[in-house]
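You will see chain A twice below: alongside chain B first, and alongside chain C after that.
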Partner chain A sequence: MLCRNPSDYVRETKKDIVPVQRNYDPDLHPFQVAREYTRAMNAVKMERIFARPFICSLDGHRDSVQCLTKHSTQLSLLLSGSCDGEIKLWNVAQRTCQATIPAHDGFVRDICVIPDGTAFYSIGNDKLIKRWSMDNYDAPAMTIVGKHVFTSIDHHYKNSQYATSGENVSLWDEQRAQPLQSFKWGADSHAKVKFNPIETTVLASCAADRSIILYDTRQSVPLRKITLQMNSSSLAWNPLEAFVFTTANEDFNLYSFDIRYLQRPFNIHKDHVAAVIDIDYSPTGKEFVSGSYDKTVRIFAADKGHSRDIYHTKRMQHISCVQWTADNKYVISGSDEMCLRLWKAKASEKLGVIRDREAETLEYNDALKEKFAHFPKIKRIARQRNLPKHVYHAKREHKTIQESQKRHEANARANSKPGSVPFVSERSKVILKEEE
Partner chain B sequence: MTTRRTKKLLYVKERKAKFAARQTTRAEILHVEEEGYITSDKVDEEEQRTVDLTQADIKSSVDIFSAQKRFDLELPLYGPYKIDYTRNGRHLLLGGRKGHVAAFDWQTKKLHCEMNVMEQVNDVKWLHIETMYAVAQRQWTYIYDNQGVEVHCLKVLDRSLHLEFLPYHFLLAATNEAGYLSYIDVSIGKKVASYNTRVANGNGKCGTSIMCQNPSNALIGLGHAGGVLTFWSPNQREPLVKMLAHKSTLRSIAIDRTGSYMATSGVDAKLKIWDLRTYKCLHEYRTASNGASSLSFSQKNLLAASYRDVVEIYNDICDNESASNELPRYLLHQCSNGASASSLAFCPYEDVLGVGHERGFVSLLVPGAGEPNFDALEANPYQTKKQRKHAEVKQLLDKIQPDMITLDNSVLSEIDRKGFIRKQEDKRNNFNFVKPKELIIQSDKKKGKIGKRLARKTQIRDTKLKEFLQQQQLKRKKNKN
Partner chain C sequence: MENDFIEEPVLNDDDDDEQSHSHSTKQKHDKLIDSIVHLGGKKRKVIIRKEPISIPNNLVASTQTSSASKKIKSHQLLSSLKKTSSVQIQTLKKQLAKVNKHQAVLQQPLQKPQAEKAERIAAYNQETKSISKWDPIVAKNRTAETLNFPLKNGGVQFQTTDEFVGKFQTLSSLEKDIAAILQSSSNNIQPNSLLTQAEKKIISKMDLLEAKQKLNELKRMRALISYQQAKFKRVGKIKSKKFRRLVRKDRQKQEEKDLKKLSVENPDKFLERLEHLERHRIEERSTLRHKNSTKWAKEKRLLSKFNTKAREEIEEQLKLGKHLRTKQAQDESDDDDDDEDEDEDAQPASKPGVGIQKKKPIEIPLILAPSQIEAESNPWLTTTGSAVLPASEYSKPNEVRNEDMSSSDSDEEHEKENDENPSQNEPIENTESYGVTTATKPVEHLTMPDSMKRIEIELKQTEQHQMNIQEAFADDDVLAEFEKEKSDIIDHDRPKAIDLSLPGWGEWAGSGVPVNKRKKRKFLIQPKPAPPRRDIHLHHVIINEKADQKISEHRVCDLPFPFADVEQFESLVQQPLGREWNPETAYRRLNQPKIRTRIGVRIEPLDKQDVFFKRHHSKRDNSSLDFNLSNNDEDKSTADVEQDSLFDNEQSQKKKFKRKQKTN
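Up next, the complex of A and B:
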C-alpha cells in the first residue's frame, strides 16, 4: 500500500526551502510539445514587447557627425569628429562629453586610436594629420602637413604604423613625417582604408573607381583589385576570421568577401533601401551593424542575407558612422543631425544585474525560441518590424523593380534560343573584374 | 546541401538531446516511493486469491495512516452521488443528485464547504485549482469557490448532464439534454465552441451523459444510443472519430492516462478494451447483466467497474495475454445496503478508489492503483498556498490554445515534409514571369441581381484563369521532356 511520509515532502521550518520532487515520466507530462510551443510563443511575444533598443542620444556637436571611433583600451570612451572640425570625447557610461577639441578647419574626416590607447590621430579637410595625446587636448602632440586631402586613417594593430587614404593609400610610421610607402592603382580617390586585425600586414581600401584594393605592407605594389558594379563607401574586416571582410556598397547592399576567393562575394546582405555608408563588425565576428543613407541602422548576422533588426527614430537623419562597442552590448550611430545615438545590440536585452533564476529563464526561453523558430506564427511575430513610412515604400518600390527585372530576364530567356540567355547567379553579377 | 558546420551543429544538438534523455531516465534512481501491491499468504498450500480479500482484510493489514483512507460517508438523503478528485488527489468533491454539494480535503477530513443548491445536480467537476469547481445543475451550470460562494453562473451551459475539464486547455466541456456539446474557456469565460452532437449522430434522441476525455490529446469522447462512440475536438463541427463500439446502447467509457487504451461497457453486458492507436478491439469480456454502469482507469491501469452495488477492479486488463475470456478480477467490493454505485474515480497518486453511490460515498483501498512518485511541478499533493498561487500563474501562461486540439498531437514535434515539398514545387513552377490572360469584367455594382451576376462572372473568370495556368504548367512539363 502506497503510504507517503509527509515529512519527506513538507519543509521542516518556515525558513527552509520547499522540497520539490520530480518525476520525468512522460506519462505524467502530457501535451509537452504543445506547452513548449505555447511557452515559445509567449517568449517571442515578450521579446517583441521588451524590444526597446534606444538608450540615449549624446548631443553636443554643432555640425553633423562625420566620424566615430571607439577607444582601443577603454571600454566607455568614444571619440567623434564633426563637420565643423571639432572632436569630442565621450564617456558613454556616464553619457557625458569629456572634452571638446577644435581640431581642424573644415571636416574632421577620421580618427584612429593607437593600440596602447595613449594617443589618437585625426585627419581633416585641411590636409593635416594631427596626433593628440590622451593627457593633453590643448594642442596636438604632432602635426603633419599632407599633400592632399585625407579621407580616412587607420592604425596598424601591432606596429607603430598607420595608413591613410586620399588620392592614394599611404603607409606612415609614427616617428616620421613622410609616408613610408604610397600605393596607387588607377583610382584617383580612396574612401576608406582598413587594416586587418589578425593578418596585420594586410589592408584594404575602397577606391572611387568602384573597386576594392587589397595591399600587403611588405610589398611595394597592391595585391589585388576587384571592381564592383557600384562604389563602396566603407569596409570592415571580420575580427575573428582573418580572411573575411564586408563592404558597404552604394547599391544598397553589403557584400562579404573571402580574400582567398575574390571572384564573387560569398554573401550578399540586402535590406537597406539607400546607399550603405558605414559598417562595423561586432567583436565576436558573428554580427555586424550597418548605417545607411535611408536613416536606419541595421544589424545583420554575418552569415545571413537579411538583417535581424532595424533601428530608427523619427529624428535620426542619414547615418554617417556606426560602431559596435567592444563589450558586444551596444551599438552607436552618428548621424547628420549632430547626434550620437546609443542602442542596445540585442533590442530586448535587459540592462543591469540579472539574477540567476532570471538568467536561467532567459536561457530557457532562448532555447525554446530557437527550437520553434520555423513555426509560421512564431516566425511572423519574431520578424515583425514597424518600418518608417519612407523605408516601407522604398522597400516595396525596390522589390517591384527587382521583380520586373527578373521578369524581363525570364521573358527574354523564354523567347530566345535555348542557352543564349544563360542563368547568372546574383553573386556572380556583383564583380565586374578581378585584377592581380 | 548542408555545410560541414551545420552538420556538426546538428550532431552536437543530437548528442545533447541523447544525453538529456539518458539523464532523465537515470533520475528514476531518486524516486522515493514504491508502488503498492498485495502479497498473498499461503493458506493450506493453496494460494489465496486477491478477489477474496475484503476491504476489512486490507484495512487490518495496512498501516494506520493508510487505514484512515478507508472510510464510508453515510448520506442517505441526497444521493446518488457524483464525485471528483482534484488533479493532485488531495481534495474531493461530492455532488448529490438532490442538491447536496460538499468539498473537502479527504485525507485530513477537513471540510471546505457543504451546501444544498436546492436544485438537481447532474455533475460536479473541479477546475484547475482546488479553490474552484463547477456544478452542473438542472438549469444552469455554476462555478463555486471552495467557500461555497457562487462565483459564476454559466448560462451558456444550460441543462448540462455531464462535465469534463481539460486542465491544460482551461476548457470546461459539457453535454446537455438537447444533445449539444459546449466548450467554455474558464480562463477568459468565453464559449469556444458548441456543436449539436445529435445531428452528427443522425438520431433524434436526446443528449447523452456518457462522456469522457482522452487525457493525452484532450479529445472528448461521447457515447450515444445504439452503441456509437464519437470523439470531438472544439475545432470541428463533425466528430473526428465515429465508431460502433457496441451493438446496443453504451453505458460507460473510460480512457487511460496515456491515451492508448479505452474501456467501454454497453447494455449488451459486454466490456470491451480498445487500442486507441489503431481503434481496434483488443479484448471483449462478458460481464454481469446490463453491463458496467461506470468505468474508471487508475494511473497504473487498473480498471474499476460498477455493476449495481458491486464494484469490481481488474488488473492487467489492457495487456492481458491469456486467450481466455475470464475477467482478470483483482478486488471486489459490495456496497452496504445494496446501494448501487453511480460514480467511480481513482484518486490520483493514492491507492484509493472513490465510489459515489445512492446512499453516500465509500473510499476503498486498492493497493497498486496510484502513481507513487508525483512531479511537484505538475501536481503536488503537498502544495502550499504560495506554491498553488505560483502554479496557477504558470498554468495560465502555459495554457494551450483550443485550436491545437487534434487527434494526433505529435504533429507539432514532427517535420513538415509535405509542406516543404509543396513549397519547393510552388517555387519550381511559379508563374511569376508569365502574364496571365486578362479577363476583367468591369462593374462597380455589387448588390442585387447584377452583383450576383458579377459574382458568377468572377467565378468563371477564376476557373478560366486556373485552367489557363494549368495548361501552361503542362506545356512547360512537355517542353522539359
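Up next, the complex of A and C:
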C-alpha cells in the first residue's frame, strides 16, 4: 500500500532540502538510454558552440618570435625572445609586457629559467650565454663567450647545471665559464637539447644529421643514437612518464618514443600538413601541443594518433614556438608575425568562477560525451572543424600522395615473387638505424 | 700538389721491397706492350688518376711493427754486453731472468671507437634498467580513474596519540587548577615505575611478610598476563593455513559441545541458537556464491588494477553468477538441499553432534514453514526466481507439473509435521491449494490428494481451453486477412512511376481530350526496381523494411576499438550516468573526470625523491617505531626486574629473566 506523509516532502522553509524518493529499477525507466543520448547530443553541440579557444594576442616584438619559455615558479610570467635580439617578459594574467631587454646581436636562440626562478639564461647568434637576474634587467649578471653559435639551452630541473646545444652538446655549471663536459657523436650541429624532468640526469638532443641522441650527465659518453627518415626540429619529455619523449619531425609527423625500445616509435601522431617546429607536453602528461610551419597549432592526446583540436587564425603565420602553461589551462604560441597568442587548452572551457552545480553538470556532460563518443552523429559533430583553405587542400593532397604510394607498393607486391616485397609496419619505417 | 702526392709511395713499408721491384718490372713490360700496340696507330696517352691516401694508416702500421717476429727481447739487448763481463752484469741478467719468468702480459687495450661503443652500451643498459623502475607508476597513472593534480599534496601525516594529547593546552584558569590538582595526585602512574606513589606508601607501611605476599600476588598476576599476551601474540602471528584450520575445527568442536550441553539444559535457548545458526548459514550461502570472494577472484582483483583482461574475467564471473541466480533459482535451492544432506552424511554417525543435526530438518521447517507459505501467497514477498514462475507456466507445462509434485511432497511433509500440532494444519493446507491449482476446482484437489490425478485434470483443462478458442474464432479467416494486408504493404512499398505530364498542356483542344501517348511516355519517369523484399519467401511474416531507416543513422555500425564484443559495448551504453537513474554517490563516481586540476596551481613534473624515497622513508620510520616499541618492552622488563630486586634474591630474579627471554 502506498502511503505518504506530507511532512516528508513539504518544505517548511524555503531553504529546506527535501529528499526525493526515487525508484532506480531499470524496468521503470525504459527511455533511459534515449534520454541520455539526447543529452549527449545537446552537450556535444554546446561544446562546439562554445569552442572559442583564442583569448588574446600579446604583441610588442619587432621581429618574429624565436623562442618562448614559461617561468619555473610563477604561473603568469612568460619570457620570449625574438629575431632582433630582444627578450620580453610578459605578465600573461594582465596581458602586459613587463620588461624589454635588448639582449643579443642577432637572434635570441633560446631562453631557460633556473629552477628557483631568480634568474634566467639566454643564448643568441652572437655566441654568447648571458645570465640575467630577475631583479635587474639593465645588464646581464654574467656573460660567457662561447666557441660556436648555440642553438638551444635547457636547465637541469634540480641541480645548478645546464646544457647547451650547438656544434656539440655541452654541459655547464652555473659557477663555471667553461663547460663541464662536451658530448659529440657524429653530427656537426644540434638543434635542440632537453633535460628529462623526472630522471633529471638524462637528456636528449636533436642533431642535424636526422638523429636523436640520448645522454646522461653522469656518463662520459652519449647513450644511444637513432637516425630517422627526416630531421627532427624539437623534442619534449613527458613530465609524468620518465621514459617517454616525443619529437617534432620535418616529415609533418610527431613520434613518441620509449627510450628503452628505440627500434621504433610506439606512436606516430599525424595531422600536420607541414614541418612540425615545436612541441610541448601538458603538465599532466596526457596531452601535448605542437606548432607547425603550416600556421596551425594542434593538440594531441599523448596516446592517440590524431589531434583532438586545431587552432588557427587568419593572421597567424608559421609557428616557431609553443608552450603549455603549468596550470594545464592555456596554450601559448609564438609565430613569425611577431605575436604571441594565448589559447585555452580546452577550447570550450568556461573561464572564471564555476559554481559546484555547474561544475557537476559539466562533468556529467563530459561523461556523456565520452560514453556516446562512438555514435556516428555525435562523433561527426565533435570532430567537425573548419580548416583554413591551405590546410584543407594540403591535407587532401597528402591523402592522395599516400594513397598512391600505397597503391604502388601493393602493385609491386602483386607483381613480384611472393615474399620478395615484405610488409613493413609504418612505425618501423621511421627509424633508419639505431647506433650503439 | 697532386703530383707530389702521386709520386709519394702509398705505403712506406720495408716488407714491400720485393713487391715494388716486381711492380717496376711489370710497369716496364706494360710500357713495352703499349709502345708495340701504338706503333701503327695514333699515339694516345691515357692518364690514370691516382688518389692519395692522405691519412697514413697508423693502425695498420702499428699492427705490423708489433708483430711477434719483430719484437726485440731483453736478452738480445744484453747479448751485446757479452764481452764486458762483470759481476754487475751477471746480477742484472739474473734479475732480468726473474722478471721474464713472472711476466704476465696484459691484453692489448681496445681501440678507441670500440672502447667507446662498449662504454656506451654499458651506460645505456644501466640507464634502461634504472628507468624501468617507473613502470608500475606509469601503469598506475595510465589506468587511474582520476588523477588529482598536483599529485604531490604534502602527504598524509599520522599523529601518535602522545603527539595528539601533547597539543592540548590548558586555557582557562579553572582548567589550569584542575590540571594542577591532577598532576599533584599521588595516584598517577609515573612513566618509569610500576607502582604509584600511593601504592608504594601502602606497601611500605605494611609489615614485611604481608607486603611480600601482596607483591607476590601482584607479580603473579602480572606475569600471567604477560605470558598470556605473549602467547596470543605468538599464536596470532602464525600464518600457517593448516594451523588456522585446526584452530577453527577445535572451535567448532567446542561450539558443538556447548550446543549439546545447551540442548539438555535450556531447550528454548537451544532452539533459538539453532535458528540463528541456520539463518546465518543461509545468509552466507546467498552472499558468498559467485561473489569474487574466492582465492582466484582475489588474485584477479589485485591484477585487475593494471590488467583489463583480468577485470573482464571478474566481470564475466559476476555476470555468470547473476545469470545462474536468475534463471535457476529453483535448481539452486534444490542444490542447497543436497549440500545439506552431504554435509550431514560427511559427519560420522557416532558423533554426539549428529543427533542434533538430524533433528534439524524436522524441527527447523516448523519455524520456516509459515514464512515460505507467506512468500507464495504474497506476491510482494517472492524472490525474483519465484516471480518468474507464473510466466513460465504457460510456455512449459511440464515444469509446472514438476513444481506441483514437489510442492505436494512438501505438503506431505507438512502434514506429517503438522500431525503434532493439528491446530495449525488446516489453514495452511487451504492456502497452499489455492495458491497452486486453479481456483475453479479446489474441492477436487482436496478430495484427491494424489498428484497424478491432478495432472490429468490439468491436461483436460488445457484441451478444453483450446477447444473454446477454436469455437470463439470460428468465423474469422485470419490467414486471408493477413495475406491481403501483406500484399497491400508490398504494393504500397513498391517504387512508383512519376507522371509529370500535365493534361491539356501543349494541346490544341481543351479539357476532356486524352493525353497524347507519346507525351505520356515522355513524361512518365520509371523508377528503378526495388531490391527484393526480405520477407519474399516467408509467407507468415511481414518485415517492415522502412521502419529503422531514421534510427539507423544514429546507431553504431562497427564495434568501436577498445571493446572486445558487442555485449561489452552495449552494457556500457545501458549503464545510465544521470542523477535520475543513479544514487548520488554512484552519480559522482560515474561522472568524475579523468583529470582534476586546481585553478592557479602549478603542476610540477613527477619528483623522483617524492615517489621513491618517501616510501622508503616511511618504511624506515615504521621500522624505527617498531624498534622503539621493542626498546620500550625491554625497558619495561628491566624495570620489572628492578622492582623485583627490591624484595627478591638474585637467583630467582635470573630464573625469571630467563623465562621471559624464552617466552619472548
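As a convention for this text, the second predicted complex is superposed on the first by the 414 of 436 C-alpha atoms of A that agree within 3 Å, B and C clash if a C-alpha of one lies under 4 Å from a C-alpha of the other, contacts with A are read in each partner's own complex, and residues count from 1 in each chain.
Following the convention adopted for this analysis, a contact is a pair of C-beta atoms (placed from the backbone, for glycine too) under 8 Å apart; a residue touches a chain by one contact, two chains touch by 3 or more.
The shown structure was predicted, so the numbers you read here are calculated from the model rather than taken from an experiment.
Colleague: More residues of chain A are touched by which partner: chain B or chain C?
Modeller: Looking at chain A, the partner in contact with more of its residues is C.
Colleague: Applying the touch criterion given at the start, work out whether A:327 contacts chain B, chain C, both or neither, answering first, second, both or neither.
Modeller: Only chain C; A:327 stays clear of chain B.
Colleague: Taking the superposition on A as described, I'd like to know which of chain B and chain C A:9 touches: first, second, both or neither.
Modeller: first
Colleague: In the superposed arrangement, does A:1 touch chain B (first), chain C (second), both or neither?
Modeller: It touches chain B, and chain C stays clear.
Colleague: Does chain B (first) or chain C (second) touch A:30, or do both, or does neither?
Modeller: The first partner, chain B, only.
Colleague: Which of the two partners, first being chain B and second being chain C, lies in contact with A:75: first, second, both, or neither?
Modeller: After superposition on chain A, A:75 lies in contact with chain C alone.
Colleague: Which of the two partners, first being chain B and second being chain C, lies in contact with A:403: first, second, both, or neither?
Modeller: first
Colleague: Determine, under the contact definition given at the top, whether A:38 touches first (chain B), second (chain C), both, or neither.
Modeller: Only chain B; A:38 stays clear of chain C.
Colleague: Please work out whether A:18 is in contact with chain B alone, chain C alone, both, or neither, and reply first, second, both or neither.
Modeller: First partner only, chain B.
Colleague: Quick one: is A:223 in contact with chain B, with chain C, with both, or with neither? Answer first, second, both or neither.
Modeller: After superposing on A, A:223 lies in contact with chain C but is clear of chain B.
Colleague: If I apply the document's touch criterion, which positions on chain A are contacted by chain B in one structure and by chain C in the other?
Modeller: 22, 24, 29, 33, 35, 37, 39.
Colleague: Touching residues of chain C toward chain A in the complex: what are they?
Modeller: Going through chain C, the ones touching chain A are 116-117, 119-121, 123-124, 127-128, 130-132, 134, 138, 141-142, 147, 149, 553-557, 560, 569, 572-583, 587, 590-595, 597-608.
Colleague: Which chain B residues qualify as touching chain A in the complex?
Modeller: Residues of chain B touching chain A: 24-25, 27-28, 30-36, 58, 62-63, 65-66, 168, 215-216, 218, 257-259, 350-351, 365, 367, 370-382, 384, 387, 397-401, 404, 409-410, 412-413, 432-433.
Colleague: Please give the residue numbers of chain A that touch chain B in the complex, ascending.
Modeller: Going by the criterion above, the answer is residues 1-4, 6, 8-10, 18-25, 27-31, 33-35, 37-39, 42, 403, 406-407, 410-411, 414.
Colleague: Under the touch definition given earlier, write down the residues of chain A that touch chain C in their complex.
Modeller: Chain A residues touching chain C: 22, 24, 26, 29, 32-33, 35-37, 39, 73, 75, 157, 197-200, 202, 214, 216, 219-224, 239-243, 259-260, 283-286, 303, 326-329, 360, 363-364, 366-368, 371-372, 374-377, 436.
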